[in-house]
Amino acid sequence: MSFPLLTATAVLPALGAVATAAVPAARRTAAKWLALLVSLATLVLAAVVAVRFEPGGARYQLTETYEWIPAFGVRWELGVDGIGVALLLLTALLIPFIVLAGWHDADPSPSSPPRSSGGHPKENANNRWRPTQGFFALILMVEAMVILSFEATDVFLFYIFFEAMLIPMYFLIGGFGDRAHQGGEEAAATQRSYAAVKFLLYNLAGGLIMLAAVIGLYVAAGSFSLPDIVAARASGELEMGTNTERLLFLGFFLAFAVKAPLWPLHTWLPNAMGEATAPVAVLITAVVDKVGTFAMLRFCLGLFPEASKWATPVVLVLALVSIVYGALLAVGQRDIKRLVAYASISHFGFIILGIFVMTSQGQSGATLYMVNHGISTAALMLVAGFLISRRGSRLIADYGGVQKVAPVLAGTFLVGGLATLSLPGLAPFVSEFLVLVGAFARYPVVGVVATFGIVLAALYTLVLYQRTMTGPVKPELAKLPDLRVRELAVVAPLIALLIFLGVYPKPLTDLVNPAVRHTMSDVQEHDPEPEVEAAK
Amino acid sequence: MENLIAPLIAAPLLGAAVLLCGGRRLDKAGHWIGTALAVASFVLGAVLFAGLLGRGAEDRTLVQHLFSWIPVEGFQADVAFRLDQLSMTFVLLITGVGSLIHVYSIGYMEHDERRRRFFGYLNLFLAAMLILVLADNYLLLYLGWEGVGLASYLLIGFWQHKPSAATAAKKAFLVNRVGDMGLSIAIMLMFTTFGTFAFTPVLGSVGETGEGTLTAIALMLLLAACGKSAQVPLQSWLGDAMEGPTPVSALIHAATMVTAGVYLIVRSGAIFNAAPDAQLVVTVVGAVTLIFGAIVGCAKDDIKKALAGSTMSQIGYMVLAAGLGPIGYAVAIMHLVTHGFFKAGLFLGAGSVMHGMNDEVDMRRYGGLRKYMPVTFVTFGLGYLAIIGFPGLSGFFSKDLIIESAFAKGGVQGWILGTVTLVGAGITAFYMTRVMLMTFFGEERWRNLPAASPDAPDVEPAADHGGVPHPHESPKVMTVPMIVLAFGSVFAGAFFGIGERFVHWLEPVTAYEHGHPPVSALTVTAATVTVMVIGVGLAWLQYGRRPVPVVAPRGSLLTRAARRDLLQDDFNHVVLVRGGEHLTRSLVYVDHTLVDGVVNGTAAGVGGLSSRMRRLQNGFARSYAVSMFGGTALLVAATLLMRAV
Amino acid sequence: MNPVNYLYLAALLFTIGATGVLIRRNAIVVFMCIELMLNACNLSLIAFSRMHGNLDGQIIAFFTMVVAAAEVVVGLAIIVSLFRTRHSASVDDAALMKL
Amino acid sequence: MSASAVHGLWTDLAAPAAEPIARIQAPTIEYAQLSPVLIVIGAAVLGILVEAFVPRRARHYTQLFVAGVALAAGFAAVVALSVSGYATTEAGIAAEGALAVDGPALFLQGVILLVGLVALFTFAERRLDPAAHGNRVDSFAAQAASVPGSDGEKAAVKAGFTTTEVFPLLMFAVGGMMVFPAANDLLTLFIALEVFSLPLYLLCALARRRRLLSQEAAVKYFLLGAFASAFTLFGIALLYGYAGSVSYARIAQVVEGTVKEVSPALAGTMGNDVLLLLGAALVTMGLLFKVGAVPFHMWTPDVYQGAPTPVTGFMASATKVAAFGALLRLLYVVLPGLRWDWRPVMWAVAAVTMVIGAIVAITQTDIKRLLAYSSIAHAGFILAGVIAAKPEGISSVLFYLAAYSFVTVGAFAVVTLVRDAGGEATHLSKWAGLGRRSPLVAAVFAVFLLAFAGIPLTSGFAGKFAVFKAAAEGGAAPLVVVGVLSSAVAAFFYIRVIVLMFFSEPTPEGPTVAVPSPLTTTAIAVGAAVTVVLGVAPQYFLDLATSAGTFVR
């Protein structure tokens, strides 16, 4: 039994979370550094995983299997395919930046004396409420659970962490809201808890319906092990009735569609991203939501190929609606973070589209999209966060001419925006174009409609940039400081990565292609042949 | 030798990277670095050109395969470059004119504290443009295509503190995006049809697929071309693009980028040849734009906007020519090159004028400047003669060829197109003469300017420009490039045209075939010259003989429409902008009330149900007992019923 | 006579008792109605015991009596304490907790 | 009924009379197998004696000691029995067929004993209330007989009286509850029911604060309980009438028609299914009343709110365990032959219970009432497992009960800590910002709430999954869907409390969190520990439940 690498990647941040939470109240900075170190160490482990993983090799590698709850047929069964590795890397990569970006977000604000007991000086003395420690501990806890849900090849195991990650997320959203809020601390608090509850209820409802499906799956398949079930289905020794399969598919898909989020189940995202601090917003959209799309690719298609095909038309339509609808709403937003949220909804539409057009370009594109969208949104959102924390407002109208006073900030913001509108040469272009081609190859109309998304993306991004960064400088912004070293350290690597993956995505595609081949064989689909076999 | 292609692109790219990431410490040397790298890439281009000349006409195609860009199942996109006569021509044009304009900018942007960044953007543009013309497949071309779009966005909006500039930049990018949609759809079509989008296989196997597909592809490519080359209906951005610094207008919006559309069409010639319907559309678009641009050019008082209109119209010529098929491709490119010379020269001249006139752009506030800036006057004048097709100068050769080819299209189409091009030539002569006269001749209107008068709100009070200007000649660093370009605009045409040197050079790529106009070439030439003279005469009658009012007269309906770009902007504003705003606003409402409302409604419903059910819990033990009793009764009844059924 | 009739009687008594519980206010009376129900049960038990000819039913009846007695003890204790607090034995007065 | 039958009857009765008296053989009692029950009941009796003879000052500790030791010993006995195989292989009927000593019985008795022990700690807590006149006071009335607010009460308080009788009462209740799921004939069932009900009625009335509510709760609980038990008894009578016996095995045989030597009378009644169905329905109703299933649930909120919180905790957990145990045995041992009749009905009951419990809870404003409704919803979930009518059903229910009871007792223990001037601050608005005041307590309570909500990695999830899985395998898929939907609704109000505790600013006059003695601390700690352990590593306990999952007949 070799070293349980995958388990380690998850256990490390979990322990880190506990340790961070245990740091005494006074030693706030220590907690921050601890969290940062842990996240970096996790990144290292993830890198090791990526190195040990052979793209050409077996479908699931570095597998580990321990009995956990035999009574439920649940095993601690981990394993990664290319897609898993890619997303594992993304997660492990983003968390350090999130930690670094959120460095001061959870410091007890001087204005409203420590977020604890409303003005009890006596109690503040022996106040045991430690927001900072909690904040970073929760982030690490989320990381651990997300990583596990990327690694789990046991449906039940996946489900457990899919659900459990809601709780720390919920506290992150509800407990550490965006200080830059119109309407004072009171309004902020109510809005925040509304957003948190909305987030939790949406996802919990989806998750519980999925629970029914999970149970149903066990009744139908007698096992939770994804590889076993897939193999059994392929070999035909496991027969699900058509209706059973469809119902189970719906149960799973619903949960993932809420998480993803797919129109019309998306409305929790803008609230959550708007109210949460920028790093947490990144955590939501760049990391946690990816679990949803990832799960569609791995579980919906893997477990219920027939039902997936059956549902494809509807899903495609919903995805298209998400793309256009999200983009249009992004244009209509007055709040920077909500704008980014709707943009993300549009992008998730692309991802889901890529997954369900059932072409290898589409699915590779979707997978790359998950990674690239993670990075690009992180870049854009974090810079936006830095901007917001400077001005103390989220309203686009409160900005203008920032480019003049803080050129570096504006520049990075622009690059993030260009990535969001998937400019060729930046990573998102590769994935978006693959998705479009993949879609077009099977459903030309769908492809064309989706292409409108790129125009709208340009619209909302450039409008945002124009209104905030260009034009005459607003007097309140005259003294706006440019990016600090810490902030630059967050943004620069992300941008570098965007450019690199845009010019040379080969490492990623090499990782993903075999996995996509497997998925395609799961759903027994082949890419449509080109009309003429061009003279190569 | 093909290994030189990558460095050719890398040089300006490096410049861009260094200048943009370098930070303030490079402010001192920034412009020199930029210029040096631009020149370097020109030198490399020259070397390659020499190399090509050293080869036989047939194997003048170099391919450099760098690496595999996006390797995915059944999808191959490589970073590979292809240098043939066509791209070579462009390389020389881009790097040559580019370098000149770099030099020019050193002087022009001297007082701008963000000069380093400006040069960074210029280098970025060069790199992107080179990628565009050197790409070996359509996807990589797309990369360059959007790259130049980005550079143009950054440069148009270079003076971001001016809202007008920012808006113009955004507009340019968005309109181009619409065109890009066309390009990406075209690429998808190629992929699904041919399984690839590299030039050789696609263009090689055109014959194996139906005309319908090809027409679709061609039209999509045309859409892209319209966006980039400011052809109707996507031309609206070019006028506003003049918000950018003048060197930018010269390089990007006159000489190089806007001609990318022509390049795309010529490059995809094989597809268009197989899709005659599409070709017809191309010619129509070209013809319409030709007239459209010309008319706009006649009405504008802003010197740069007038030139922009002319650019539009000249590119219309090229597109029209490209639409003619093998007869026209080479001709189109030839006009493109010559136009590159004289239009760049004209813009630089305009820039020089503005430089000397405190950035005044309104020609009605010029006049009689020839004494004050002789070099500018001469170079500008040569460019002017070239563009109106004065016999012997470069414009004469290229435009004349286009007109011939138009007639040579044959049949009714031929006659129509030919006439249009002729008329266009006339109008060109008219508006260029107008510019010439208003700027360099007549009384010196700038001496006594009126204050802003309510009846003419578009007239800015002179105070804005720092009192009465003191027109003066620009420094050497600016005049030298102008001189060089003027040189080009004088002799390039003859050099290319005599003995059809140019078309033969391009023949291997664009398969030139000599057109046979229904009337002899001589007649056509004669007609052209006559029309040109008429145009000049009319212009002189209107602007030479009588003094030009400082405040623009109200003018005829057409004039007023032309001043507003023939109302196309208003149309866009009403239909797209307003409509879009309404759409988004209503959608926001829908999202909040409907989509969200459903969920909140459900929640509220459950809550209401809950509070209604609570009332049953009325605290009276006896009512609890009743419910128990009733429950028992139900239980019993149900059990018995179960047995009954 | 036919023991079945005793069952009918028992059922009748039981119903009367139940109805009493539902309609009477005084806690004591309600309680007595419950006792009546218990006795109805006893009656039916005896009847059945007689029918089946074994003694189980009668034995249960004895147990029931004991239980009833115990209930009286507990019940009266509670009711009386309530009465002393509120000076009323009406079950409807004791309705502080609701909703 | 024919004359001949009467004659036969006469002879039957006459026959034994002829026999010599000496031939009556004494019943055989398996003391070893009954030891858990005997120990607890014995301790209860001993407690009474303590009340009689031990001086007042020493009573509290003596009682605590006696009860604690007894419960521990009882648990030890249970463990010993199950280790020596009575849970599985040796399982058998004891005490002349009155009690079953088998897996479920022992498992549930064990659970009840542990819960009783934990509850005992909360009963004995004397640090929460401020000391009155220098002597520590627990949460029970100084003198139950004294009128609230009267001079008598003041005097009692001054004299430092405490109702130490609660300990024997608790022990009796525990004893009854232990017998309840083990009862193997209807008579024992009924007696056990009364034995654990009557002490509870009394305990409800003994609150120190808010005595009016307490007494009202007692009255309601008593009257309705008695009402229900009357129905139960009538049902028992009818079943007896149908089968001519109260022994589970016997009745089951009759129901399945596998009985030998059918007497003519039996033949007469056997044919009469109305007796059977009516009786079965009434007995079931009695049990449903105890588990608090809709529509027999209405006593739950009032009683839970009014009773002293430690009692509520004990009642909420232990009663459910005992009652569900009895229900399981009734349905699986006595009425399996009737499955096709009761399953659809129970389906309906379960569904309605889940839904109503969850929905009504949403708008509650009192934490104790909230938990009451949540307990109703949970009763529905457990019923879903009961309905499975498979071995998995039994074991899953056993596990759920174990998990649920500890969460509940722990949660109520936390409730006792949050206090303001008027005693416990049970109104939700008072809980605002608790997480800011004392993160630890709030966090623990949050854990309990999450367990109630069935979030993974808590015992609540494991249990919920177990019962739903069993139900699904038992072909009750729709019920599972209803279940998950209502748990989605239920999640809402658990979350609401968490929001209140953590995300809303504390009110200046908000409650304080009393620092408890080790007793309550232990209680809460145990609850939390079990919650987490059963959530993360439930395997051992699931195995236990599975191996204990077969009834003896």
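Annotations for the structure displayed:
We just call them A, B, C and D in the order they show up, numbering each chain from 1.
Quick note on the criterion: a residue touches a chain if its C-beta (ideal position, glycine included) is under 8 Å from a C-beta of that chain, and two chains touch if they have at least 3 such contacts.
This one's a predicted model, so the numbers in the text were calculated from it and none came from an experiment.
Seen from the Cα centre of chain B, the chain whose own Cα centre is farthest off is C.
In terms of Cα centroid distance from the overall Cα mean, chain A ranks first. Here the spacing of chain C and chain D, counted between their Cα centres, is 23 Å.
With each centre defined as the average position of its C-alpha atoms, the distance from chain A to chain B rounds to 37 Å.
Distance between chain A and chain C, defined via averaged C-alpha coordinates, is recorded as 65 Å. Averaged C-alpha coordinates put the centre of chain B at 97 Å from the centre of chain C. The residues of chain C that reach two or more other chains are 18, 21, 30, 91, 94-98, listed in rising order. Multi-chain contact residues of chain D (touching two or more other chains): 219-220, 223, 227, 231, 301-302, 492. Across the assembly, chain A contributes residues 201 that each touch 2 or more other chains. Under the contact rule defined at the top, the touching pairs of chains are A-B, A-D, B-C, B-D, C-D. Of all residues in chain D, those touching chain A in their complex are 433, 435-440, 450, 453, 455-457, 461-462, 465-466, 468-469, 472-473, 477, 480-481, 483-485, 487-488, 491-492, 495-496, 499, 502-508, 538-539, 542-543, 546.
Those residues of chain D that touch chain B in the shared complex are 219-220, 223-224, 227-228, 231, 273-274, 277-278, 280-282, 284-285, 289, 294-296, 298-299, 301-302, 340-342, 344-345, 348-349, 356, 359-364, 489, 492.
Only residues 18, 21-23, 25, 30, 91-92, 94-99 of chain C touch chain B when the two sit together in their complex. Across the complex, chain D is touched by residues 2-4, 7, 10, 14, 17-18, 21, 27, 30-31, 34, 37-38, 40-41, 44-45, 47-54, 56-57, 59-60, 63-64, 67, 70-71, 74-75, 77-79, 81-82, 84-86, 91, 94-98 of chain C.
Of all residues in chain D, only 1, 8-9, 12-13, 144-145, 147-148, 187, 190-191, 194, 198, 201-202, 205, 211-213, 215-220, 222-223, 226-227, 230-231, 233-234, 236-238, 240-241, 244-246, 263, 265-266, 268-269, 301-302, 305-306 touch chain C in the complex they form.
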